[in-house]
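After this come two complexes, each holding chain A, first together with chain B and then together with chain C.
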Partner chain A sequence: MTGLITSLIAQSGEWQAPTIDWHAIAPELVLIVGINLVLFIDLWIDESRKWAMATLTGIVLLAAFVPTVTLAVTGDDVRSMFDERYVIDNYALVLKALFLLVGYVVVLMSQTQLEEGGYYQGEFYVLMLASVLGMVMMTSSRDLVSMFVALELLSVPAYMLAAWRKRDGRSNEAGVKYYLLGVFASGVMLYGMSLIFGTTGSTKLVDIARSLGEGDLIAIQVLGVTFVIIGFAFKISAVPFHTWAPDTYEGAPTPVTAFLSVASKAAGFVAISSLVFIAFPAADEVYQPLLWVLSALTMTIGNLIALRQTNMVRMLAYSSVSQGGFILMPLAVAGSGDAAEPALKAVVVYLLIYAFTNLGAFAVVIAAARKTPSGSISSFGGLFVYAPGLTVLMTIFLASLAGVPPLGGWFAKFGAFRAVLEADTNAGYALAVVGAVNTVIATAYYMKVMRVMWMADVPDGDITPVVTPAPVQAALAITAAGTLALGVLPSLVVRFGDIADLSGALGR
Partner chain B sequence: MMVPVLLAASEVNVALNVAFGVLAVVMIGAALFVVTTKNVVHAALWLVIVLSGMAAQYLLAAAEFVAVSQVLVYVGAVMVLFLFGIMLTRAQIGAEGNLNNPGWALGIPVALLLLGVMGWAIIDLFGDQTIEEAPGGASTQAISDQILSPYLAPFLAITFVLLAAAIGAIVLARKD
Partner chain C sequence: MSEFLRDYLTVVWFGAAGVLLGALLFGISALIRPNHPTEQKVIAYESGVDPVGIGWSQSQIRYYVFALLFVIFDVEAVFLFPWAAAVERYGTFGLVVMLAFIFLLLDGLIYAWKRGLLRWV
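Take a look at the complex of A and B:
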C-alpha cells in the first residue's frame, strides 16, 4: 500500500502550483469571503435584525470595489494567471467595477421589498453575491471553460432568484421558464464550444483565434461559432431567443428583474465581445451576418411589441430587449474596416450608461409600487400630483433610454451609430437606418408613459404623497447622478473600452 | 470523432469499431424507446441504457475518467433523482395517455435538418481519414493536473455553482 502511494507521488512530478497574483484576484476573493460571511451570520442572527444582512452585503460589494480601483491606479500592465486563461486588464476592471456597482444598487432596491414580503433575506443576498461573482469572473475569462462556468455561476442563482416569491404562481412560472430556456441555451453553447475545441485543439481564446486564422474556416467551425453565439443570444434575450424575457421579467420580484435586465444581460454582452474581439476575428464572415440579423430583429421586434404593452414592467422588459439590439449593432460590424475600435468602445460605454438608466427606471417602479399595485401603465396616472420627485426622475430615465440629449442615453446611442458608420460597408449603413427608425419608434412608447405620468388623472383620486424608503432613495440618487453626469460629461466614460485595454484583441 | 473511426474499419482496430457500432445501435434504439414509451418510469430506465452506452463509448476512446464520471453522475445520481422525482410527485406509476406536446411533429423536420447539417459538416471535415489510435488518452492524473493548475479558476467557480444551487433549492422546496 505504501509502495503504491509512493509510486503515485513519484509519477506526479509534472504538476506545478499555479502562481497567483493575490492583488489581481482580490475582488473575487472579497466576494468569496463575503458569500461565506453572509451565509453564516444569517444562520445565527435574530429574525428582527435581518436588515443587517442587506447592510453587510452592501459592504461586501463595496469592499470588492476597492481593489478594482487600486488595480486600475497601480498602472495599466496586464496581469494574467493560470496560463493566461484568467486575465485582469483594464477592460476587465471597468466591467468588474460596473457589476459590483450594479449589485450594490440592486441590494439597495431589494432591502425594503424583501423585508415587507417576508422572503428569505439572507439566502437572497448569498445567491445575489454568487451571481455577481460569476459576472466578475466572466470579465476576466479568456478561456471557453472559464466562460462557460462563469456563465453558469451567474445564471444558476438568477434562475432561483426569479422564482423567489414562491407563493406567487407568476414568479414560479418566471423561474421555470428562465431555467428551462437557459439550460437549453447552455446546451447549444456547450455543443458549439466542443466543436470549436475539437477543430482548434484549444480552449484558450487567443489560441482559437490563431487556429481559426490559418486558412479558410471549415464547415464544422462555422457551426461551432454559430452555436456559441446563439447560446449567448439567449442570455441577452436577442430576438428570436427572447421569448422567456417578458414573462420572467414580469413574474420575478422587481429588484430581481432589474438585476436580470441589467447585470445578467451585460454579462452576456461581455462574453460576446470577448469572443468576437479575441477568439473570432478570423470568423468575421460568420458572426457579422449572424449578429446583423439578430441586432435588426431584436431592435425592431422588441420595439413593436413594447408599443402595445399596457403593463409597466412588461413594457420595460421589451424596451430592454430592444436596447439589447442597439448594443449588438456595433458588434455586427466589429470585423469591417476600422470599426473594431469604435465598436468595442461603443459596447462598453453603452453597457455602463444603460446600467444606470435602466436600474433607475426600475427603482422608480419599486418606489411607486405601493400606489400602483396592478403595475399597469395607466395606474401611473397623475404620478406628478403625489410624487413629483419620482415623476421627474422617471422622465429623466425614460428620456435617457430614448436617447434624448443631454442625458446619458444619447451618448451611448451616438457611440453605437458612430461604430456602424465607421465600418463604411453597405451592411453597416443599412443597420444604421434600421437603428434610426427604431430610435423613433422607441421614443413613442417612452413618451406615452411620460404623458400618463404628467397629464393623466390619478386613477383612484388618492393623492397622499408616497414615502420612498431611504435605500431606494439612495439607489435613485446614484442612478440619476450617473445618468445625468454621463450625459453632460461623456468624457468620464469615453476613456473606457479602448481596444488596447482588451489584451489579445484582434491578435494583439 | 466516432463516424470516421467507423469508416476506417479496415485499417485500425477492428474490434474497437465493431464495439462502437454495436453500442451505437443499442444507444439509438434505446433513445427511440425513451421518447416513444408511454410510461415515464420505463422512459427513465431506457435512458439508463443510453447513458451507460455513452460511458462505454468513452471507455473505447480511452477516456476512463470521463467514463467513470458518466456512470457515477448520470447513471447513478441523475437517474436515481429522476426515479425519486417521479415517485414523489405522481400518484400513478403506469402507462399514461398522451404525454406528447401537440406540436411534436414540428420537431421532426428541425431534427432532420440538424442531423443533415451536422452529418454533412463532420463528413466534410474528416472524409475517409483514419484517426490514429490515441497514445493512451487523457489519464486521470493528467486531468487532475489540468484542473488544479490552468483550470483552477473555473474549478473554484463550480464549487459556488453547487453551493448556490443547494441553497436555492432548499429555500424554494421547503414548506413554510
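Take a look at the complex of A and C:
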C-alpha cells in the first residue's frame, strides 16, 4: 500500500504548497472558527445561559460579513486559489453576503422558539453555521469535487435540522424524507459527475467547458449533463423532483423551513448557474430543453397544487416550489444568443429578492404561531383585528411574492421575463407565456390569504394582541426593509455588487 | 428527428437498458433455479440459528455511538496514511493543514466525551 503511494508520488513530480489568499477565504475561516467556538462554549456553559449561543452565532455571522464587504470594496479583481478551482469574484461575493444575511435572519427567527421548546440550542446553531459554511463555499466552487463537498456540507446538517423536534412524529418524517431523497439525488448527481469526468478528463469547470466544446457531444456526456442537473433539481425542489418539499417544510420547525426554502434552495440555484454558465455552455442543446421543461412544470404544478392548500406552511411550500420555476426560467434560455448576461443577472437578483420576501412571510407565520396553532389558513382569520402590524407586513410579503409593484417581487419577475424575451427564440416566448399565466394563477392564492387576514372573523373570538418577541421583530424589520427597498429602488440591487460585472467574473 | 431529441433518446435507451438488465437477471435466475420449498428453507436466515420471537422486537442501539466514533478515526486514517508516506515533501504546509484537519475531526470526539456518550450505560 505504502509502496504504491510512494511510487504514485514519485511520478507526480515536484510538489508546491498552494499559495493561500487569506483575505479571500476570510469569510470561510471566520465561520470555521465560529463553529468551533459555538461548539465548545456550548459544551461548558451552564444550561441557564444557553441563550448566549444565539447571540454568539449572530456575531459569528456578522463577523463573517465584514471580510465579505472588505473584499467587495477593495478592488474588483478576481481572486482565485487552488489552480482556479476556488474563485472569489463579484458573483461569489454577492451570494456569500446573501447566505450570511439569511443565516442571521434565521437565527433571529429561531431564537425564541428554541429557548421555549428547550431544544438543543448549541447543537442547532453549530449545525446551522456548518450549513451556511457549505453555502458560502458553494458560491466560490469552480470544480465538481469542491461543489460536491460544499453540497454535502450544506445538506447533511439540514437533514438533522429538519428533524429537530425529535418527539414529534411529523418532524421525524420531515427529516427522514429529506434525507432519503437528498441522498438519492446526491447519488444521481455523482453518477453524472463521474460520467463527465470520465469523458472530459477533468473536474475543473473551465476545463470541462473546453473539452465539451471540442466537436459534438457524445452520448455519455449527454447522460452526464442530464444527471448532474437532475441531481441539483432535487435540491431546488423542481417538479417532478419536488415530492419531498411539502412534507419536509410542514414537519420541520418553521425557522428551519424558512432556512430550507430560501438558503438551501438558493445554494442549489447557485450550483446550477455555475454549471450552466461555466461548465456547460457547449452543451446548451442538452440543458436548455431540460431546464425549459423543468421550469414550465415547476411553475404550473407548484401553483396548481398551492391553490388547493388549506395549511399555511404547505401553501408557502408549494408557493416556493413555483417560485423556483420562475428562477429556472432565465436559465432555460441561458445559451441563446445575447441572453446569457441578462439571464445571470435575473437569477442573482431573483434569489436576493426572493430571500427577503420569503423569509419575511415565514417570520410572520412564526410571530402569529401562538394564535394559530393549527397552522391552517382559516386560523389566520381576523389577524388584522388583533395584529394589524403583522397583517400589513404579511400583505407586503405576499404581494411581493405575487409580483405587485412597487415591491421587490415585481423587479425580480421583470428581470426573469426580460431575460427570456431577450433570447428571442420561440422556446423563450413560449416560456414567457407559461410564466405570465402562472403569475396570474399565483396571485389567486396569495390574495386568498390576504382576504382571510383582512376580512374574515377571528375563529375563536379571542382578540388579545399578539406579543412579537424582539428578535422576530428584528427579522421582520430586516426582511420588510429589504423587500420594500429593492422594489422602490431596483437600481440599488443592480448597483449592489455591480451585477453587470458578474458575467465577466464567471469567466465568460 | 432533431439533434437534441436524439440526445435525449440516449437517456431513454440508458434507462430502458437498466430496467431490462435487472429484469433479465432476476428472470433468468427465477427460470433456471430449482424450487423445492420446505419449512426449514423458508424461515428467515439468522446466522444459522433458528429465529426466536417476532420480527418487531426492540433492541439496544447504544452501539451506534461507537460506530459513529469509529468513522471519525477511520476517515482520519484514510487521509493520514497517504500524507504520512510523503510527510517530508509536504513540509510545514502539510503539517499545519493536517493538524487543522485532525483538530476538526477531534471536535466530534470531544463532543461525544463531554456529552457522556463514551460511558457504557
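Operating definition for what follows: the second predicted complex is superposed on the first by the 481 of 508 C-alpha atoms of A that agree within 3 Å, B and C clash if a C-alpha of one lies under 4 Å from a C-alpha of the other, contacts with A are read in each partner's own complex, and residues count from 1 in each chain.
Basically, a residue touches a chain if its C-beta (ideal position, glycine included) is under 8 Å from a C-beta of that chain, and two chains touch if they have at least 3 such contacts.
Since we're looking at a predicted model, the values are computed, not measured.
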Chain A: partner with more touched residues, chain B or chain C: B
First, second, both or neither for A:T199, with chain B first and chain C second: first
First (chain B), second (chain C), both or neither touched by A:D338: neither
First (chain B), second (chain C), both or neither touched by A:V286: second
Which superposed partner A:D21 touches (first chain B, second chain C, both, neither): neither
Which superposed partner A:D77 touches (first chain B, second chain C, both, neither): neither
First (chain B), second (chain C), both or neither touched by A:L217: second
Overlap of chain C and chain B interfaces on chain A (superposed complexes): 15, 17-18, 32, 39, 219, 222-223
Parts of chain C lying in touch with chain A, wherever the complex brings them together: 3-4, 7-8, 10-11, 14, 81-82, 85-86, 89-91, 93-94, 104, 107, 110-111, 114-115
Touching residues (chain side chain A, partner chain C) in the complex: 1-2, 5-6, 9, 15, 17-18, 32, 36, 39-40, 43-44, 217, 219, 222-223, 226, 285-286, 289
Residue numbers on chain B that touch chain A, as the complex places them: 1, 117-118, 120-122, 124-125, 141, 144-145, 148-154, 156-158, 160-161, 163-165, 167-169, 171-172
Chain B-facing residues of chain A, complex: 11-12, 14-18, 32, 35, 39, 81-83, 85-86, 120, 123, 126-127, 130-131, 133-134, 137, 140-141, 143, 145-146, 148-150, 152-153, 156-157, 159-161, 163-164, 166, 175, 198-199, 218-220, 222-223
